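Each structure below appears as structure tokens.
Below are two complexes that have subunit A in common, paired first with subunit B and then with subunit C.
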Partner chain A sequence: MNRYLAGFRLQTALLRRAFGDLHTLLTVPVYTLIFLAMTDGVHRPGLSTDAVLAPALMGLWFMAVFTAGDLIVWDRHHGTLEPTVAAPGSLAPVITGRIGAVTLLSFVVYVESWAVGAGYGLRLTVHHPLVFLAGVVATAFATACTAAMIATLLVLPRNAQIYQNSVSWPLFLLSGIIVPISALPDWLRPLSRLSFLYWSAGLLRSALGTHPVDDALLRLTAVVLLGTVGAGAAAFLLRKVLTRLRVLGTLGYS
Partner chain B sequence: MNAIQTRALRRVFTAGRDKRGKSGSRTALDGVDLSIPPGEVHGLLGPNGAGKTTLCKILSTVLVPTSGSASVMGHDVVTGLAAVRPLVGCVFGGDRGLYGRLSGRKNLAYWAALYGVPRRLIDGRTTTLLDRFGLAGRADERVETYSRGMKQRLHLARGLVHNPPVLLLDEPTTGMDPVSAMDFRRLIGELRNEGRTVLVTTHDMAEAEAVCDRVTLVNDGRILHSASPQELSALVSRYGRVEARNVPDTLTQRVRILPGVTRVATDTDGVTRIELASADAAPPVLRLLIERGVTDLATCRPGLEEVYLHLIADRGMEVGR
Partner chain C sequence: MSSPLACPARPQALEVLRRAGAVALADLAVTYTWRTWLFGRVPRKLSQVAFFALIGRVVGGEDAERFLVVGNALMACAVETTLVVASSAWERALGTMPLLVSAPAPLAWAFAVRSAQWIISGTGASLVALLLLGPLFGADWQLEMIPVMVLLVVLTAVGTYCFGLALGAWVIDHPAQRNVVSLLANLLMMTICGVQVALDHWPAPVQTLAALLPITHELVALRELLDGAPLSAILPDAAAGALVGAAWLAIAVVAFGRVGERGRRDGTIEFGA
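Let's turn to the complex of A and B:
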């Protein structure tokens, strides 16, 4: 727990002193405005919920990929990974604590998109608050777990930024955040179910709607399960990657 | 039980492929046997690329040896990671390795928490260390505003944050001004008095001579000699010399042909340096000089720097292969 808290406090302190790392938070209102303008422009008010929810989920994901995903790579480049690894205990709780701090801050994206929606004259009502809350928490959990996996994977290539940039938009398409899944080719749709964002987006949309939420527990379980798979993969990869770096002698660039 | 022990320790780095697609390799450590008893301050002296940092990294568990073994307080650094890490404080030094956006105090508090220092003790521990290393006045300023010497002192403080019995200091005085370097030597003395084992790597012969109980000279990943600074000097006493003033040219010619004299040179200040191949060569040289009326003379024993230069004399500026 101490190592988790140490990581959490470290990341909180770093984020307070580096607004550059929070650039994603500046893009969320812009995306919300764009999506609202697009849906309003074609007179499809039924899509307003999606127009507010999509930028929030995108912001959450971008924070995971660009801020949390960079943690280990940044430490490696700045020589702080070596002393961290040389300390007793596992690196996993430290990374988890740091990603936890980023994820907690990421909740701001909901407030941002909601505020822009309200400014646009949109009144969103959460008709199923418990489902919505559970969905938000489960999504945060899955995001943090996936971020841990990404943070570990990004250590392997030298030019990790290319992958950071290219992985997000295909995932948004696959998850049905930007366009409905029904617009995708039939053969591609089963892949959507492997993305926690697909389940999260559907659940949160339903929680905002007036109709009863179908399969709420199933969808929540899917989000948590995919998050847990991500966490397991992250833990496995972290061990493997650290061993590999210690064997190759590339734990730090010097 | 030795505090630090290595047996036939070898580390080979695989280099990238060349234009013909062949992958190369570089041997950083080549069969290193080293024993350091508890409480000893041990200097590792060698040129760039000699393998000093590689050895420190292996002992701190961040690098795996290719073959051989290394242990700290009896725990193997590969199979006993969990036991080794709390026992070792590492100071890798340089501008990197710290969170520049955070203050020195926050950096230390983070590392203290990471090393399992109880939360109630962290504030006191960090304050004490910041005081000890002369950083208290700027403890709450961002590390990125610190000078290189201040960062170096913060590295040292971090190495001690969990009160380890074994300290690995990799070039700890790099970037320090002379006053700080003197303070560092005093600190090493304190660490010795506290019973800690210290392995310190350095290029600085004077520093090694001043602070170390024993010195190991390394080159190309191999140990050349391991002894106390004084023993090393004695070992190469054959490299002793005689220095004299106002030696006439005719006398210089006579000295040059005496047995055991390897080199005679006179500098612009009128000091003639007579290099000797053995300790036995000194009396005839001194006798001849005194008989001819040269009374301003002295015999000199080599310092550690001269020993070092003699032992790796042929290497020049070349870095390790």
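Let's turn to the complex of A and C:
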């Protein structure tokens, strides 16, 4: 637990000193405004809810991928990966604690999109607050775990940032966060169920609706399960990647 | 007989531009390989364009899809070219600013071309998106339209590059803000320039602001081209975009001049940042 907390404290201190790294948060109000403008005057049930919810989920994901996804690469550039790996504790809890700090801060995305929605004259009511709260927490967990997996995957390739930027939009498309997956080709739709964002978006959308929420527990379990798979993959990959870097002697760039 | 080490009083502008261009091409080769561009950058752009175009399917059918695919495909080059904001700031971190300032040539000449790699990669990204995704979302380009389409994409890329260059001149003194500034510029263009919603969705002052950005005019021209408008109708909008881009270039040249002057005066052109 100390290692999780150490990672959490370190990242909180870094974010406080380099607030510019949080520029992703600027995108949430603008995407909310864009989506609300695009859906203005379109009478389709749930569309305005999606127009507010989608930018929040996008912001959460962008924060995780851009800020958390850079952690190991940043450590290598600054020569801090070697001493961290040489320390007696395992690296995985430190990384997870650091990503947890980013994800916790990312809760502000919901406030941002809600505020823009309210400014646009849209009043969203959370009709199922418990489901909503559980969905938000599970989504944060799954986001952090998936980001940890991506952070690990980005260590080895040269020009990793190019690939880092490439995962987000296909994921948003697959997850049906604003465009229903029925708009996707038939062969792509089964893949949506492998995205935690698909389950998160559906659950949060339902929690904002007036109707009873169907399969709340099942959908919540899917989010947590996919997050756990991400965490497991992150731990496995981290071991492999560190072994590879030790063999190559490239834990640091210098 | 002059010494071989003596600097000419008025160095050839073309030589400075040529060498800055060589830096740009070298940066392009470092940033992208064919593999990272084709399998990293292009899929990212295509999926973003498809994401917004599919919203058109939800909100308004084929016309909306066509509107959005064209807008977002052209926006792809704008996003790429505003990387000039960040790459201008790189000179601070690389420690090359003092050399550029002390060289016997205006600072702007080197900066105007040293990030031109983004024009090449941005133009490529937009053309791939327009030609590959366009037909899937109702933008059926005729063969004879393609030369004009290429010209409009190049004009957008160059014009937006000039806009980013002017922002880059400000960012040189505030390098930590480089990503925030380019992000805000992109979000501004994406919101008000007719990319996602029609220009007249916004109040008149916002439309006036949009008219100060090159992509607004080139996007109108590109949609006119797709609608089969004659060249005489397209040309005024294309020229307006080019004119606005030229104005931003002029602003950038003046701004870079001031960066050099101010840096010499207050001693802030340090090695590294």
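Worth pointing out:
Please note the rule applied: the second predicted complex is superposed on the first by the 247 of 254 C-alpha atoms of A that agree within 3 Å, B and C clash if a C-alpha of one lies under 4 Å from a C-alpha of the other, contacts with A are read in each partner's own complex, and residues count from 1 in each chain.
FYI, contacts are C-beta pairs under 8 Å (C-beta built on N, C-alpha and C of every residue); 3 or more make two chains touch, one makes a residue touch a chain.
None of these values were measured; they are calculated from a predicted model.
Superimposing the complexes on subunit A yields a three-chain arrangement in which subunit B and subunit C fit side by side. When the two complexes are overlaid on their common chain A, residue A:R98 makes contact with neither subunit B nor subunit C. Of the two partner chains placed around the shared chain by superposition, neither subunit B nor subunit C is touched by A:H128. In the superposed model, A:R219 makes contact with neither subunit B nor subunit C.
Shared-chain residue A:V179: touches subunit C; no touch with subunit B.
Contacts of A:R76 after superposition on the shared chain: neither subunit B nor subunit C is touched. Put simply, the three-chain overlay gives an angle of 80° at subunit A, taking C-alpha centres for subunit B and subunit C and rounding to the nearest 10. Legend: residue contacts after superposition of the two complexes on their common chain; A:I34 is shown touching subunit C, with no touch to subunit B. With both structures placed on the common chain, the touch criterion links A:L5 to subunit B but leaves subunit C unconnected. Of the two partner chains, neither subunit B nor subunit C is touched by A:R205. Between subunit B and subunit C the least C-alpha distance in the superposed model amounts to 10 Å. Residue overlap on subunit A between its contacts with subunit B in one complex and with subunit C in the other: absent.
Listing the residues of subunit A that touch subunit B in their complex gives 2-3, 5-6, 9-10, 13-14, 17-18, 78-80, 82-89, 94, 243, 246-249, 251-252, 254. Only residues 31-33, 36-37, 40-41, 43-44, 47-48, 50-51, 54-55, 57-60, 176-177, 179-180, 183-184, 187, 190-191, 196-197, 201 of subunit C touch subunit A when the two sit together in their complex. The touching residues of subunit B, when paired with subunit A in their complex, are 11, 13-14, 54, 57, 60-64, 82, 85-86, 88, 90, 92, 94, 96-102, 106, 110-111, 113-116, 119, 142, 158.
The touching residues of subunit A, counted against subunit C in their complex, run 20, 23, 26-27, 30, 33-35, 37-40, 42, 44, 47, 159, 162-163, 165-166, 168-170, 172-173, 178-180, 183-184.
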